[in-house]
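Just below sit the structures, each encoded as structure tokens.
Here come two complexes built around chain A, the first alongside chain B, the second alongside chain C.
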Partner chain A sequence: MEAPPVSVMPVTGGAVNMMEYLLQGSVYDQALESLLHRLRGLCDNMEPETFIDHELVYLLKGQQGNPFILRARRSLSHPTSPWHLRYLGQPEVGDKSRHALVRNCVDVAASHSLPEFLNEMGFRMDHEFVSNGHMFRKGAMKIVVSKLSRILVPGNTDNTERLSLSYLVELSVLAPAGQDNMSEDMRSFAEQLKPLVHLEKIDPSKQRH
Partner chain B sequence: MSGGPAVRVSIESTCEKQVQEVALDGTETYVPPLSMSQNLAKLAQRIDFSQGSDSEEEAIEGEPRDREWTKPEPEEEEGTVKFQPSLWPWDSVRNNLRSALTEMCVLHDVLSVVKEKKYMALDPVSQDPTAGKTPQVFQLISKKKSLGTAAQLLLKGAEKLSKSVAENQENRRQRDFNSELLRLRSQWKLRKVGDKILGDLSYRSAGSLFPHHGTFEVLKNTDIDLDKKLPEDYCPLDVQIPSDLDGSAYIKKQAPDIGDLGTVALFRRPPKTKAGTQQWHVKLEAAQNVLLCKEIFAQLSREAVQIKSQIPHIVVKNQIISQPFPGLQLSISLCHSTGEKKTHRASPEKPKPDDHLYVLEHNLHQMMREFHKQQLSSVVMPHPASAPFGHKRMRLAGPMAYDKAEIFSLQHNEGLLEKIIKQAKHIFLRSRTARTIDSLASRIEDPQIQAHWSNINDVYESSVKVLITSQGYEQICKSIQLQLNIGVEQIRVVHRDGRVVTLSHQEQELQDFLLSQMSQHQVHAVQQLAKVMGWHVLSFSNHVGLGPVESIGNASAVTVASPNGEYAISVRNGPESGCKVLVQFPRSQTKELPKSDVIQDAKWSHLRGPSKEVHWSRMEGRNFVYKMELLMAALTPCP
Partner chain C sequence: MQQREEKQLDAAVESLASRVAHVKNALHSFIYKLENEYERLTWPSVLDNFALLSGQLNSINKLLKNEKTPSFRNQVIIPLLLSPDRDEDLAKLTEQRVPVFSHEIVPDYLRTKPDPEVEEQEKQLSVEAARIGPEAAQKQIQTLNKLCSNLLEKLNNPRDDRDSESAAIRQNKPSFNPADTNALVGAVAFGKGLSKCRPPGPVAPGHPGQGPMMSGGPTLQQVTIGGGSNQQAGMGGPVAPQQQGQPGKMPSSIKTNIKSAHPYSR
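Up next, the complex of A and B:
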């Protein structure tokens, strides 16, 4: 059965068009403790939250060049939580002075039959990985410090192998389209983390092989 | 080289030590290697001291050599080896020694020549005779000069010391600022922006969503005069708070009962500062309190406008007025006083301490903080991590296909204003109930009414146990026991016999109910007393349908007969009509006996005949049951 044609209509999630503002950076394993302490002090006063997630990336290859990518993620530490399906669009090419990466984002909560559903729809799993680390929040900003691990046997999340000796740090905000003041707050927050980790906007398309 | 067997090659290191002799059994004796000092001696021997930089000294080498050399050179002098190894470490030594040798040889030769007195003679050098005596003036001048240099040195040192002391004092003042800053930082959030130090006194990091920035600035207190004495509470650090957070604030709750006297005029006493707290701490705490009060009031007024209720709430500037009960008005106002205006607010009457208002204000603060805490609870954090923030259960709404009713039930449905109005209603209802019971208890002595309030209450529910008893007969007549559960708008009464009655907030209803219970109690008491006294209960009714209609409740009646059956007492008691007691006599005791042919036998005269009313008010006895007991005793003849 040939793959159905991928539509080129813009993807929206309902009435409101949500954009994700993103800044990324990384730290070595040795610097993790000091980074966590600093984040604990800067962010909202909560108990530190750890997570273990398993993400599967699905591709739908159409006749055109660019495949359609959907990310399905489930929590391994909270098995009863629903799955989370995410679509991330192309980064918006706005003015260069914008400090964060802005892209269209659609988030959907899904039940546990999501992988089978995606397979039936024609998506094929491209790769999967396990991510575990810590989560912080400050107002609307979410800071995630995570370590990515590769899954050696497909489907088996216990047997994983670390991909690198460092942790990925991501600062993200979900806001409706048109609100640009969030990037200023993100930039000032990133300044406060400055010598420990440098958060900057990394264009994913420039890193494609 | 794949083919052929492997060739064994054995390697032996070369012999480093010389073989002295080989014994008959093959053992080899080695020459022991030279020690360090021996090695040094061997090397030094190789140095040829005769090969110096000047070649004409070679002639003098002979005898003075052994005399001058014994000390510096411990080894033998005659072995001069032709072969000279690297002279570089010893070159300078050798040259110095050679020049010293030359000088000594010259001196020796001169002395030996002078000894002969033939070719050289020594001539003394003439001395200046005037150099012996040093004049006083010269001594004085030299002493003055030396003292002058010493004094200058001392003065320079003293100047340095005094400069360092002054610097120390300045440093101490600077360090005071820094130590104050450290203390400030241990309690408040500070950050450095450019060359200014800013702080955050808002509740945003604790979960508040109020849009006020809450930023204060830390300043160095430089207007201090070094000459004057430092004041007691001098602090090198000063904070500047935003102007709209100046002063102090509180939320005033007033509930004047219409028809009731007295509004309470509260003014807030300045909080007692603990010894040792700095002025900046007091200032910052007051500003934070003002901010919290503003946030609470903003939330309340927002809800007052949005929420639809039967009687709309009125929001006027700093006050929210609502009517929880008809006839009761609740006003919540934000009182923000900036220091100067305090004197004008002194009220002429003394402030009446009213607990309710403080409790409600405290509850408001508590509810606000709980709202903040909910914003930060880990229920909001997403699992998996890429999901957006939001309540855990709302995330299930999609996958579980909740409908509108289910989603509505998940969301917070009660706001701050509703909660506080409910609490105010409950407090008001409770105080009204207590007042009703107390007024009845003080007004009516027979029967007695007792109220036992439970210690453990809820913000929306309290309970009280009401007992109606007669004095002296508590063990006998305890049939009326009521449990009142005071809720937000209603009072639920549970009777001992299982009946449940729901009363509204009206004061009159409770009073009427209690009055009717009291009248029932009297009749129940007669019934219990009859059992004790041995009288038989002939009839008993809680609600008689005969006689005048009562406006409150119903009248109850009982009829009891004496043990021998001769007398009967009938009691009818109503809440309004009071009690009526009738005694039935046997026929034989009546004055006029109706003569009739029907009754033939005399035994019929023992039956009970007409009844007579008792003047109850003239009866002896302090309460109803006592009087009843006396009556029963009087009607029971002694055997």
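Up next, the complex of A and C:
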């Protein structure tokens, strides 16, 4: 996997390189309630947080084969909050025994002119979806249970259609590069959610075909 | 010799008093919990309290059975002075439970034999036991032992059987589907099934799903077309050029594809 050229690399400006550790799974609608109860018991005691987000994925086609991808996300339940722009790198193929998917992650907040700005920069929106669900926290771990919906008319977030009869469950941690012990904690947390949902490391490139 | 026995007696009485104090404290906190926090009390915590009391009683028993403990049966307590007046020191010692060392409390606190009613019942039971005869008694003992061991076996062993049963039940109602997981991960990671360029297949009839047409340019969706995902059932080749053609023809082809590639028909 060749690295993109320097002109396309995200500018981190001396800040610590953050990595995202990720485990994913899914759960049927019928089992959602039990999963939420279990998470409420296992996670930090706070009001369960629900969210409705609209995510747009932008592509910048360079001369090389692989396009540069940026994800822009805005909250539909808090329309005045800033947009959230995220870059996710390729998953690190290091240790096969590492239990979670690790990839470079850069997050910034942006103003509401983000879509126009990205269009001016040359990015084209590839796809968008609406994700709504619940978020839980346990220490540094974030657990998101969300249902994804396809947007039928681009730009119209009211007219959506569910992608599948399951909810996506994601367990993620944002940590500076080099802290591999997080994956152990994530794995033991994932054990506690079995057999309701199996959280595992799913390589996205294997899902293409 | 006397002194050693006295010292032993003193030590035994002291340790007995401390263990009894532990039991008293445990009972006190348990009663408090039952009286004040009964709404929040769970059965496991009640069981914990009982287990604590039982452990403490066990340790008292062990202490009494200990060889170093002199036999308390040989000791006699004789009240030397009984008075109906309130005794402050005694009240302080017993935390206001025994304010007066009088004729009323002596039968209860200094009792060595069981209550008269209990004694009567015990006598009746021993008469009954003697009446049955040794063989019948032996048979009864054996039946009781067998029942107990059967029950113990049932409780201990088929944990494995029970587990396999519950595992079978669980398998009948899976709570997740790996195929769904893969589909969702694909959608989040690179928009499988989500592209603006409407793929034929999972489109609800009645939603034309027409947006601005793709004006060319490679997209992630087109990369997956070559892979032949099930959305492409019946429609090989790039989808974009067809959509740029007659939008009016789309509905009919979509309908046929729904029959063949509907994700909800499981």
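Note that the second predicted complex is superposed on the first by the 194 of 209 C-alpha atoms of A that agree within 3 Å, B and C clash if a C-alpha of one lies under 4 Å from a C-alpha of the other, contacts with A are read in each partner's own complex, and residues count from 1 in each chain.
FYI, a residue touches a chain if its C-beta (ideal position, glycine included) is under 8 Å from a C-beta of that chain, and two chains touch if they have at least 3 such contacts.
Predicted model only: the values in this text are computed from it and were never measured.
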item	value
Three-chain arrangement built on chain A, chain B and chain C clash or fit	clash
Partner chain(s) touched by A:197 [first = chain B, second = chain C, both, neither]	second
Which superposed partner A:46 touches (first chain B, second chain C, both, neither)	first
Partner chain(s) touched by A:26 [first = chain B, second = chain C, both, neither]	second
Contacts of A:161 with chain B and chain C, given as first, second, both or neither	second
Partner chain(s) touched by A:125 [first = chain B, second = chain C, both, neither]	second
Contacts of A:176 with chain B and chain C, given as first, second, both or neither	neither
Sites on chain C touched by chain A in the complex	170, 174-178, 180-196, 204, 207, 209, 211-212, 217-221, 223-224, 227-229, 263-264
In the complex, chain A residues that touch chain C	24-28, 30-31, 34-35, 57, 59, 61, 67, 69, 124-129, 148, 150, 152-154, 159, 161, 163-166, 168, 195-198, 202, 204, 207-209
List of chain B residues in touch with chain A within their complex	191, 204-207, 376-378, 380-389, 392, 395-400
List of chain A residues in touch with chain B within their complex	43-47, 49, 51, 53, 55, 71, 73-75, 77-78, 81-84, 86, 107-111, 131, 133, 135, 137-140, 142, 144, 146, 174, 192
